[in-house]
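Before any comments, here is the structure.
Labels run A, B, C and D following the written order; every chain starts at residue 1.
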Amino acid sequence: MEASEVSVELYVLLSAVLFIMGVLGVLLRRNAILVFMSVELMLNAGNLALAAFARQWGNGDGHLMVFFVMTVAAAEVAVGLALIVAIFRTKQSINIDDLHMFKD
Amino acid sequence: MFEVPGLGDLNVAATLPVTLLAFGACLFLLVDLFIPKDRKYITAWLTAAGIGVSLVLSLLMLTGVITWGDGEEAFFGLFIADQFSQAVNVAALLTALLGVMVAYNYLDKIDRQRGEYYYLLLFTTLGVMFMGASGDLVTLFVSLELLSIPLYILSGFRWPHEESEESAMKYFILGAFASGFLVYGIALIYGATGTTSLTGIWEATADISSGETSTKFLLLIGAGMTLVGLGFKVAAVPFHMWTPDVYQGAPTSVVAYMSVAAKVGGFAALVRVFGAGISNFALDGDTTAAWQDTIWLIAAFTMILGNFVAIAQSELKRLFGYSSIAHAGYMLIAIAAAGSAGVTDEAARAVAIYLMAYAFTNVGVFAVIIALEKKDMSGTSIDNVKGLATSQPLLAAAMTLFMFSLTGIPLTAGFVGKWFVFKSAMSADLIPVAVIGVLTSLVSAFYYLRIVWYMYFEEGETETDLPRPLAWAITISAVGTLVLGVVPYLLSEMANEITLAFGG
Amino acid sequence: MENYFDLVPLVVLIPLVGMLTNLFFGKRFGEQGVAIVAVGASAAAFLIAVILWIAQVNTGYVPAVIDMPVLGDWINITSAGLRIPWEFRVDSLSVTMMLVVSGVGTLIHIYAVGYMHGDSRFPRFFVYMNMFLVFMLLLVTGNNFLMMFVGWEGVGLCSYLLIGFWFDKPGGVGWKNSDAARKAFIVNRVGDFGLILGVLLTFWTFRTLDYYKPGEMPAAAHHEEAAYEETLFAPDLPEDEHHETATGPIGVFNQASAWLEEGDHEVNFGVISLSLEATITLITLLFLLGATGKSAQIPLFVWLPDAMAGPTPVSAFIHAATMVTAGVYMMVRSNVLYHSSDLSSFVVAMIGATTAIVAGFIAVGQWDIKRVLAYSTVSQLGFMVAAVGVGAYAAAMFHLVTHACFKALLFLASGSVIHGMEHGHHHLHEHGHGDHGHDDDDFDPQDMRFMGGLKDKMPVTYWTYIFGTLALAGVFPFAGFWSKDEILLDSIKHGVNDGYLSGYLAFVLLLIAAVFTAFYMWRQVSMVFYGQPRHAAAEHASESSNLMTRPLIVLAILSLLIGLINIPSGFPILGWLLGKHEFTSFLGHSVTFAHAGSFNFLLATMAVILALGAIYAARALYNDKTLATLERDPLELDERTAEAFALANAKLYWDEFYFKYIIWPYRNVAYWLAEKLDWEIWHDFAHERLIRDPFNRATQFLAEPVDKGFIDRNFDRLGTLVRRVSDRMRVIQTGYVRTYALSVLFGALLVVILILLPVLRELLGL
Amino acid sequence: MATVVFMLPLVGMVLMLILARSDQQYRWWTLTTSIVTFAVSLLLVRGFDKTSAGLQMVDQFDWISGEGFSIQYYVGIDGISIWLVMLTTFIMPLAILSSFKAIQKRVKLYYMFMLLMEWAMLGVFVAQDLFLFYVFWEVTLVPMYFLIGIWGAEQRIYAAVKFFLYTMAGSLLMLLAILWLGNEAGTFAVPEILEQLKTGDLVFSTATGRWLFLAFGIAFAIKVPMWPLHSWLPDAHVQAPTAGSVILAGVLLKMGTYGFVRFNLPLFPAASETFAPYIAALAVIGIIYGAWVSYGQKDMKKLVAYSSISHLGFVMLGIFALNSSGIEGAVLQMVNHGISTGGLFLVVGVLYERRHTKLMAAFGGIWQAMPLYSGVALVIVLSSMGLPGLNGFVGEFTILLGAAGSDAISWWFTPLAALGVILAAVYMLYMFNTVFMGELDKEENKRLPDLDWRELYALVPILIMVLVIGLQAGYFFEFMDAKVGDLVRDISLAVAAGR
């Protein structure tokens, strides 16, 4: 196998940055949809790392995983959006900070 | 170059309890469309029947009455059909069966009698079963999502009820967040080992143990992030915060089911990843896995926090939320024990036994809470059990049994579970955490006994609503709790067979 | 003849049957039936004792050991070598005690039938009396220390029950009686504490508690001990048989003799080892503590005067004639041990002699007729104990026998007086003679200051009382003369011949005590029988019934004659007529170191003259004085003696001392322990404040600040901080979901750091 | 055979639940069951081989086993456990009989718990497998918790919870020790573990032995209860109904002392030797402290409760004298204490049923009003005080004898413990004098009815046993001798070998 032009480490580093951005997004955003998107960012950071490692190892396992993650992410979003719609109907808000009924 | 594998190569026979049910679930989904709204009991019955068939098959395979398939691997190692997975199947299916039974009338009560409930429940059960059987991180991840997503929906099943929706939303956001960690963790493990197959990882870790430090870093960070994802599912401290809120907000029948199912799935995956996949990843010169200390610390904190905080609760659903956190801690002891050489199988066995015991007991507890719950979701405060022993002696007796089981008093299933867990800790020389375990068991007696005392020693008026399926569910739970406690060899005979296909 | 020894269990069992019969059927029998059963049981026991005595004499005084029928071994721990059978011992010592106990007992039973007539608990009284016989006879017939201990505590129990017999008397008397009963039991228990420790030590020293094993003979005394020619009374057995028994299983006393002869024997028990001599000293001192309890010696004599709260027959029987002599019996039984320990003997002699003089002194200052007699008993027991201390075991037993007769007589006679006084008092009430200006509530039938002039009213009582008094004072030829004289002589011989200091000391103290004895006895006689009646009740007193006076007469005769069983060898004529040392030689077959005393004419004369002098003095002081009711004592009025009298009257403040320094502190500490230390501090404070509350606080802490607060507040703050860092300086309300997510993140970081620690450690080479 | 005896109460309970219908029937079913159990347990005594030191009438089969471990259903009796089994079967009918009148609410539940209690207690005494033992050990908590909590006095809940938590606290550590031991040995059956220890197949370090000893010991010490862990006892005793106190004092506390003899001594002989002086010191403190505190009480039940601390101090002292006299005395004293203190609680219960107070100050002169009752009470009080000829003395004497001759503990424990005998007289007679003697000066006491037949039937067996043991202790010792002799020899061999 020939040496890659861009080393795997850099891909992983990028993915880590993306992951952290995703995490921060979840933490800082109040809008539910933006939060979902941040989660997607985290998942895709994982995907990037998987792809990079797949390249390093030269086998298909990582790619396989990537496909599944993408599929699952889509399913998650579907459910998530449905939930958001439902909540919007009852609360007229998709601010996740409004969800704090349980406090004892 | 590319051959289409035959069914024989896939070894489908070994996977039948799971795959049959999967087909069944899809079928019911279709059938349900043609069942009129006022006859949803047909769906319920169908679901129960499907679960029943699968349960019988799993039991037969677990006890070795039938040995289908060729070897313990199916689908080229993606699916592992070893005894452990059969045990997980049994626990999951039992929970599902009881879940259906407690749900039917409850759904009527809250006016949400829908066919979706049943097949969503079936799908999460499938998720649990696949998790227990996953031989690859890919299947593990997918089945985790299969377990989680229907649960998010079920938590919000009572919409447009605010609390239910809120709990679904919280569960969903945090669950997805945790999934992100899991995916990233899987990526890192893959990066370290070059494979997503657990067998492959197991083989590779031996090299890593004496390999480069950076690879060790990669593997351990990956393991840590995987732990976050799975720890969230089982509600281990500090990933437990969602538990009480979701338990309180979600429909009680869902809680009854998921408090066990999510744990079964989560622990099955933990056993697969930690107990098998990276179980022999020890640093040079160590006899125990590098991650062992982390897990037992988490176990300790989980037990301490779960038990202590539960004491302060007065809302039963919240209380048992914390109680379920505490029980996650006990099972984590066994996971930690799996990190010692030679204890893996014993630990997996302990987890499986604990899960079965917990399935009976905890579903039973929530079934009793369902009986207490009123239409407006009130009636689940601890004060509501006052005087239960006089108005409903049998119900109170069952609840007492569950309480003793959760406390770990002998002759109940809970004791057998704790016995095996602590025993595995002893085998792994994890004495400090075992000490914490028994001491927190004592703490747990505080709040479990308080419920008994409210039922028996206090006077009070309690209305209960006990339709027949619910009564049967409670009966089965109680009998199961008692039988497993009195004749634990039923469990242990099975348990002796419980071994992992690899690992240790 | 040996077969008769098999009867010995009956001596215990017959009173037992009597007791059980009256216990279950007494209510149905009526007084007469109960009396027949109880007296019959006692008499039958006496009869058997007589048979045993005759059998002893006719078999050449061979000791016999008889098993209890039906019952197996009492305690039997083979692996520890402990075997305590129910075995009775028939030898001269036990037969002597049996005769005294059942003989005097029978007379007192008869007397009590009259005395207790009309009491609502008549049957119960006789149940107790028979029960006492059971235990007392068990005490003296047991063949091991533990059986003796059964009797020992059993008689204590009976004493408790009988002292408290009138626990229900109104006006606070009942409580006082109950307290007296309890005091007796507990003080005795203090003594028993010593005794039981002594028994434990005995076992670990000799590995048995049997006095002698069956078939074993008491060893003969060592030759060098034979200071007097007539001393030795070796068992009438061929020499070879003696040796044979010595090699078989061997009892405590012969073992002790054998080892002492060997010399240099070490005793190991538990973790320590001691020389045999030291061990025996320890054992004997512990036994002495037991004896001071039961036989009312210093420092434990305080219970006996209070014990007079019981009915008078009880005082006569238990607290004068029999039970209180158990200590003396026990020490005589252990003569082999006491003999070998000079230190113990010294202590015993001193305690006995001191008690004799102290109690004699206190008796002078008492008003209560029974209390005087009670202190007199203490004093006389002091004589016996002192006798043991100076090695005069036979003399001690001799005095025990004579004292049993005349002290029982005196008590019974005093009971008759009390009965008469009560009768008079009743008479007074019935006939309305209430015009004497005395408040009747103050009337006490036992207070001698109400009596006087009873000589003519109660002639039988008077004469028998005189007999008793003379016997007690030791006037020739009454019984007390013989026995007391022997003790005095043995004491001085112990000093002069053997060179023991204790002999001299005991002699002097006992001699003074004897003077006190004569003095307080005549003081009593004067106050009770002479002069004019001081109260209307005394005027109307009348003689008691025949049931009561007949036993008095018998006992009076015995008081006169019983001394003749042991005429000392030096005494003219009588010795030749009646045989010398009959009693001592009889006893010598079971008491190894019983040696006969001789007679010293000078000493005897001196003693009698001193006694008569004391009587004269008392007569001069009290006889002619016609004291008014409750008037002060002449001794009190005289400045020279006032202080001493007050001291005697207050019993030397002995009780007060105990109350102040033992009982009150114990009780107060008990309250403090019970209420403060154990309850408020340990139960409440330690468990609630130190365990439960912190636990609750921990719970609250984990539930509120840590679980909720840590997330809700601190993570909120942290979230705000993060937000600020990310240039969003708005203060916004945070949502819980996100704080939960933050906790997940931090958890993740924590987990990652934790999980990396081992690698980091490896990296850094830690 | 052992199985038959200990399963009978359970069978009786199930039959009662199925067949009995009215309160009266529950009572008689339960009583009959317990009497039948007693009768059958007499067969144990009859069939017992006194010469054998081993287990007898063993029932054994594999219960739960797997690779590297085996848990067996392993029951049997030996010279030590037989008397505790007999004590249990003897006490239960009396306790049941004494509750006929006192228990009027939730009758069915009550008798169910009584039989459950008997079953569990018998299980503790016949179990020879650590797992089995632990199971029954914990199960005894449950019925007692309810007995105190439902049918107790005013502060019953506090007492019930305290009882449960206190005793559970100790036993959980024992659980760990059991697990550790079983894991090392590969079996939980005690005889097999002992065999391994003897042959050297199972070896643990001195330190480990001590830790294990403590883990077992603390559980037992709480149960006994040893000073200063006694704080739960007065609460439980005072609050429990009469029958509860009888069972508690009569049998439950013996489980602690029995545990020491059954497990601590043979399993950890070296540690036993090491700890003996300390435990003996605590025991002696308990003897004196308990007696002293008893004297300061105003409540009869509390007085008796504290007296238990004192009496069980004797038992502990005897056990840790580590010689046969001490141990046999201790075992007999367990029985004696069960009978005497059980009897005392019955006696107090009689008065409580009539006057609904247990304060001594409320009485006085009861002897006059209730002569029969007082006579019975006197005998039981005397037996508790250790009057020779009655049962208490034999135990105390042999214990003191053992302590005095013990190589394991210092000599001065003996006189201090003997001091307890005096103090026992002090507080017992204080109670007897205050309640039974003195003047009958309170109006409400003057018309108290004497014992009825039912109460008499509950008390007379106690009197009989008091006398039988008191006069024929040898018979009882004979059963233990072979076993205890073996035990003592094993301990000294083990100590010599440094195990």
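Rule of thumb we're sticking to: contacts are C-beta pairs under 8 Å (C-beta built on N, C-alpha and C of every residue); 3 or more make two chains touch, one makes a residue touch a chain.
Source: prediction; values computed, not measured.
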item: Core chain by centroid distance, with centroids computed from Cα atoms only; value: D
item: Separation of mean Cα positions, subunit B and subunit A [Å, integer]; value: 26
item: Euclidean distance of C-alpha centroids - subunit A vs subunit D, Å; value: 65
item: Centre-of-Cα separation between subunit C and subunit B, whole angstrom; value: 75
item: Euclidean distance of C-alpha centroids - subunit C vs subunit D, Å; value: 34
item: In subunit A, residues with contacts to at least two other chains; value: 23, 26, 96, 99-100, 102
item: Residues of subunit C engaged with two or more neighbouring chains; value: 736-737, 741
item: Pairs of chains in contact (touch as defined earlier), listed by label; value: A-B, A-C, B-C, B-D, C-D
item: Subunit B-facing residues of subunit C, complex; value: 698-700, 702-704, 706-707, 711, 736-737, 739-741, 743-744, 746-748, 750-752, 754-759, 762-763
item: Touching residues (chain side subunit D, partner subunit C) in the complex; value: 162, 228, 231, 234-235, 289, 292-297, 306, 323-325, 328-329, 365, 367-368, 382, 387-389, 393-394, 397-398, 400-402, 404-407, 409-411, 414-415, 418-419, 421-422, 425-426, 429-430, 433, 437-440, 471-475, 477-478, 481-482, 484-485, 488
item: Contacting residues of subunit A [partner subunit C, same complex]; value: 23-24, 26-28, 30, 95-100, 102-103
item: Subunit D residues touching subunit B - in the complex, by the definition given at the top; value: 63-67, 69, 106, 109, 131, 134-139, 141-142, 145-146, 149-150, 156-157, 160-161, 164-165, 168-169, 172-173, 175-176, 179-180, 182-183
item: Touching residues on subunit B, where the partner in the complex is subunit A; value: 137-138, 141-142, 145, 149, 152-153, 156, 159-160, 162-163, 165-170, 172-173, 176-177, 179-181, 183-184, 186-188, 190-191, 194-197, 244-245, 248-249, 313, 315, 318
